[in-house]
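Here come two complexes built around chain A, the first alongside chain B, the second alongside chain C.
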Partner chain A sequence: MTEASDTLAEARQDRASATGHGTARRTGPMLVPYLQAAPMALVFLIFFVLPLAATVAVSFWQYTQYSIVPAITLENYNDIFQDCLRDLPDLCTTFRTYLSTLKFCLIVWAMTLTIGFTIAYFLAFHVRTLKFQVICFLLCTVPFWTSIVIRMISWIPLLGRNGLVNETLISMGIIHTPLEGLLYSDFAVILSLTHLYTLFMVVPIFNSLMRIDRTLIEAARDAGANGFQILTVVIIPLARPGILIGSIFVITVVMGDFLTMGIMGGQQIASVGKIIQTQMQFLQFPLAAANAVILLAAVLVGVWALLKLVDIRKEL
Partner chain B sequence: MTDKTLKTGTSRRSVLKGAAALAGTAAFPAPFVHAQERVTLRYLSTAVNQSPAIAEKASEDLGIDIEYISVNTDEVPRRVITQPNSFDLVDSEYFSLPNLVPSGNMVGMDANRIDRIDELATVIAKGTVNGEKVGSDGTAPHEVLYLEDKDSTTFATEPTEWITLIPTTYNADTLGLRPDLIDKEITSWASLLDPDFSGKTAILNIPSIGIMDAAMAIEARGDITYGDKGNMTREEIDFTIEKLIEAKRAGQFRAFWSNFQESVNLMASGEVVIQSMWSPAVTAVRTQGIECVYQPLDEGYRAWASGFGLPRTIDGRKEDAAYEFINWFLSGWAGAHLSRQGYYPAVLETAKEYMEPYEWAYWYEGKEAEQDILAPDGRTLEEAGAVRDGGSYEERMGAVACWNAVMDENQYMVRKWNEFIAA
Partner chain C sequence: MTDRRPRSFYVLFGIFLLFMMFLYGPMISILLLSFQSADGGLVFPVRGLSTYWFEKLWAGDGQVAIGPALRRSFVLALVVMVLTVTISVLAGLAFRHRFRGATLLLYVAISSLIVPSIVVSLGIALEFRLIDDAIKDLGAAWNIGWIQSNFVSALGPFTSGLGAHLTWTLPFGLLIMFAVFNRFDPAFEEAARDLGATPLQTFRHVTLPMIAPFLIGIAVFGFTLSWDELARSSQVMGSDNTLPMQLAAKTTTVTDPEIYALGSATTAGSVLFIILMFTLVSLIQRRRRRLL
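And now, the complex of A and B:
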């Protein structure tokens, strides 16, 4: 906490000195920072705040199959949670869907974290020269040069009933009938989500690891810590901001994902995004808006909880 | 040859004359030139209905440019309702009409301006084939073909001067099979839920169509008799979804699909061996050299139809051009082109004029192909001797059991469908 207030004080000082310069130049000193921030603020206002406000407003409107009526009603929210309490302990559609999405979130988060941290660790501590670090790092981003959909569907010929994996396993005599669970299953969804989003973990964790003062590690070793202790006591705590940022990326993306779950799950796996899409297709915009608001709230609660774990503004 | 004669006949003097004339018109770009400006029609529909060859030919014959706006099945009605200014002509499914017409964004088309209005296929105009009634469960086109007047938002029960949609294409869907991967005879929709095909069937994830396929299967299995499959009561919807959830939990389905290409891929890759399919999708699997059968079934077909409609905002030259294009569309060339892809056109007689007798015999009369059957792009679809699945036009369209539909309880149905997906 004290550290945080120190930084804050420093920042204030900085700003004070900046204002000093401004007055010296006699240009509207108070206005300049606002003007500088204005373009971004405007972009946010037009492309983020307004649509969001519209979504929230529409979520309270009534609708028929071909029109929406601007009248305040809680009907849409009521519809979403209909029978949810009555049916407990059986789960209603909404709870079931969120639970399923949450399950994917946690599994994919654990997978991307493990793999992402390992890659970042290797890049930061085992690749010696900066040049090679940069090269290896760029190599990691190469898959991102193609579209997300292409990276996803390229798994299909591999995992299919008559796909490469099954044919190889059969020809090697390991299995006799093709594995059905490889494609259009939870496994396929987790595999492709992990594949798609591991880089989101690698980048911020790598960034954090690079900032670790190497003398700290030497000091730990001098003090008699073994490799595992250095990792858990020194490196991981210092990499926390990177881990956290990566986690926020992965969790928010997976929560809203419906494309991957749709394609890799054979559209048999429910996701909140898919429900919203179906409702939009049937012109039930207010219902879709209500679902979107609930999803947003759920994601915000998750992010808020994560931010409680670390002071991200300080760490950046 | 012609080039040569022209060349020899063209003297330097005549070229100069021509150039002078051109310069003359350019110097006076008066109203005359302005009126010659070509009209562009923005044509909204699914990609499946948008053949580049049709646009090209129309442009050649009529001097009207067609600009395709391609979206997917669900996006068509959404565009009509939310952005009626963004197109000049829409090719929409008839089953969307109960949503589109009350919105007031479409306008009735003047029957007097459609040359061949009396020649429209009877299955669309009257719900009959050869004078015999076909199934009318669901949103049958003849029930939603007419409006009370031009700006009416309700359907007329009797034929009037005002048409909602002029048919472009229609056909009947049934189960598609991979005969090389199935070793039993399929005669009923019930096979979709047959445990023998556990993990190898698929169903559409477009709720309004998927539930109809499911209903055909569940009714065929003898679980229930629906009042109207295309307009279920809440109890019927509950029952149908319950049965679907049972099947899903038992692992009956390999995947759900929502567009043409997905259904083709599922079938071609062998992930799925039996599923409800669109006739041209079966053709598409076959052109990859993979055996695929469009299987006629005891219970009949689920039919669909789509047609041209006009947005309320259209007027002036665009409106004239739209009518001109529609009249051209019904005059045969387009009908023949679509027939060769496996669709049926609005006016059969004119399409026939543009097809070779052997083509007509294959596509419409259920006869053996006398020579190789070619797709519009010149690829061989079938070798000589082949017979079209489902037989003749009368056999197919005469055996329609129900039509794609939007139910009165649509909202409830969509909610229950989401339950099925989440189950």
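And now, the complex of A and C:
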């Protein structure tokens, strides 16, 4: 992408100097891109880079009940991993929370990937006219434009104790007392996260699938591949960039999630994001910062592992 | 390819329909339940048909008081929208040239998308608290009365909140601008320049009209992403609340369909906004076709 724009810029400069405007513009094009990029760079510096730096710094500070004190101490990290080694093989709270978050992450990732790929595959290969493709694609994206809180509470009429699912099951005689674990449970969290984020898989995978040269599939069929072989040997490898982008999105969102696990888990499920949020409420900033640094490190390791799995440069 | 659909089509079509039910079913159910009459509850069956809960919501005397949060969210979303479009277009123009730090800026923008929102939110909150402390120290050191008596915090919807939303909307804006300028034919700008247009005139009369429909796309992203933003807002709004935050806080305490009415109303708001924007796009394009 950048290479293409680089060559464009080069070509334009060549032409500019060829027409003799070169000397007049020489100072212009040198400075102008910097001025144009400055507002965005400034926003990211003030509201993204510096805050991350502040988080890392504060994670090494001390805190008392009333204030935070600049220092260099490992106390906060020590607090978080306190007893973790001593209690082995039992897991300490920190490890249990991370494992629980990771569990949700993997389940939701598997769900969104399976559903997302299937839907994207259907849209890309089975919907024949562009018009219907656009309509179906838009149908998939409309819920993305509504509030995630609304999308969460909209499960209440269906999953609640007297909700549609329980009422239906009772009237069919399958169960006699309402199931309690439908709402405010692990199940509700997984369902809701899948509901919220499958779109993040559909869009990039659909994009990758649409770029696949259809003659490759014809060639595979002519060479005697069956449908399953075409899928696993031709289509899935070519859809890798999309699968990768979708996976990164879903995994990072679920790892840092505290809203869905809070609301759909009935505030009973521990997650890393929720720990950070609670510590912020109790003004334990250095501790929250240390937890944020650990979460960030965990997410970056995950992303790095995914990128290792697929070499993007080779895929593009 | 034969005209008969393979069997896999019907299987996948069935899955697609199920997925649509999964996506829309819950939303349709709260839409239905929000039109109940006064004795309606949180679950089916639908009791009566009226706009009772919408009226109650509008009057603001129910369990959900949303007036100030709604206004704040709306103004914030408008500001975020304007800034996102402006900053993204400028950055998009910059990326058409070569400049030092271009790759770094792109990587920072992408990381801003994938760093967990709670970490970004916490970081901005910490940064602003440090700024608060510095301002208060300054006030004490130089004996500035206004700071000592009136200053509480720099945290607020239009300082730290605005910044937090921009870290979420700008990466989308930048990526859209990349897509736009990758397909952009610079010949038109060349022609304008050859006819003696200044760079500003070229941008105003050639580039801007050509990219206008996509700018509306960025505006839609900017507005709706900010309007619905919750995770990054959580720590940075100071003592104020945005609409999604208010809504999230109410989920545990509200016991009547008023919250469904609020859900239906905000969803209808976003859908109307998007329809309005896309109508604008098609109007622009129709006018352009007529001119050609």
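Everything below uses one rule, namely that the second predicted complex is superposed on the first by the 273 of 316 C-alpha atoms of A that agree within 3 Å, B and C clash if a C-alpha of one lies under 4 Å from a C-alpha of the other, contacts with A are read in each partner's own complex, and residues count from 1 in each chain.
The working rule: a residue touches a chain if its C-beta (ideal position, glycine included) is under 8 Å from a C-beta of that chain, and two chains touch if they have at least 3 such contacts.
No experiment lies behind these values; they were computed from the predicted model shown.
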Handout entry: Greater residue coverage of chain A in the superposed arrangement, chain B or chain C
Key = C
Practice task
Could you say whether A:268 touches chain B, chain C, both of them, or neither, answering first, second, both or neither?
Solution key: first
Exercise for the section: Quick one: classify A:97 as touching chain B (first), chain C (second), both or neither. Expected result: first
Handout entry: chain B versus chain C as contact partner of A:284, first or second or both or neither
Key = first
Exercise for the section: Using the superposition on chain A described above, determine whether A:113 touches chain B (first), chain C (second), both, or neither. Expected result: neither
Exercise for the section: Using the superposition on chain A described above, determine whether A:122 touches chain B (first), chain C (second), both, or neither. Expected result: second
Practice task
May I ask you to decide whether A:180 touches chain B, chain C, both, or neither, giving the answer as first, second, both or neither?
Solution key: first
Handout entry: Contacts of A:170 with chain B and chain C, given as first, second, both or neither
Key = neither
Exercise for the section: Using the superposition on chain A described above, determine whether A:162 touches chain B (first), chain C (second), both, or neither. Expected result: both
Problem - Touching partner for A:231 - first (chain B), second (chain C), both, neither - result: neither
Completion exercise
Intersected contact list for chain A, partners chain B and chain C 156-157, 160, 162, 267, 280
Handout entry: Contact footprint of chain C on chain A as seen in their complex
Key = 1-2, 4-6, 8-10, 12, 15, 28-29, 32-34, 36-37, 39-41, 43-44, 46-52, 54-55, 58, 115, 118-119, 121-123, 126, 136, 139-140, 142-143, 145-158, 160, 162-164, 167, 195, 198, 227, 248-249, 252-253, 255-259, 263, 267, 273, 276-277, 280, 285, 288-289, 292, 295-296, 299, 303
Fill in the blank from the handout: Per the touch rule above, chain B residues touching chain A in the complex are 74-75, 77-78, 81, 98-100, 102-103, 199, 205-208, 248, 253-258, 269-271, 406, 410-411, 414-415, 417-419, 421-423
Practice task
Over in the complex, which chain C residues touch chain A? Could you list them?
Solution key: 5, 8-9, 12-13, 15-16, 19-20, 22-27, 29-30, 33, 42-44, 86-88, 90-91, 93-99, 101-103, 105-106, 108-109, 111-120, 122-127, 129-130, 160, 163-164, 166-167, 170, 174, 178, 181-182, 186, 190, 199, 224, 227-228, 230-231, 234-235, 243-244, 247-248, 251-252, 259-260, 263, 266-267, 270-271, 274
Completion exercise
Residue set of chain A touching chain B in the complex reads 65-67, 79, 93, 96-97, 100, 156-157, 160-162, 180, 183-184, 266-270, 274-275, 278-284
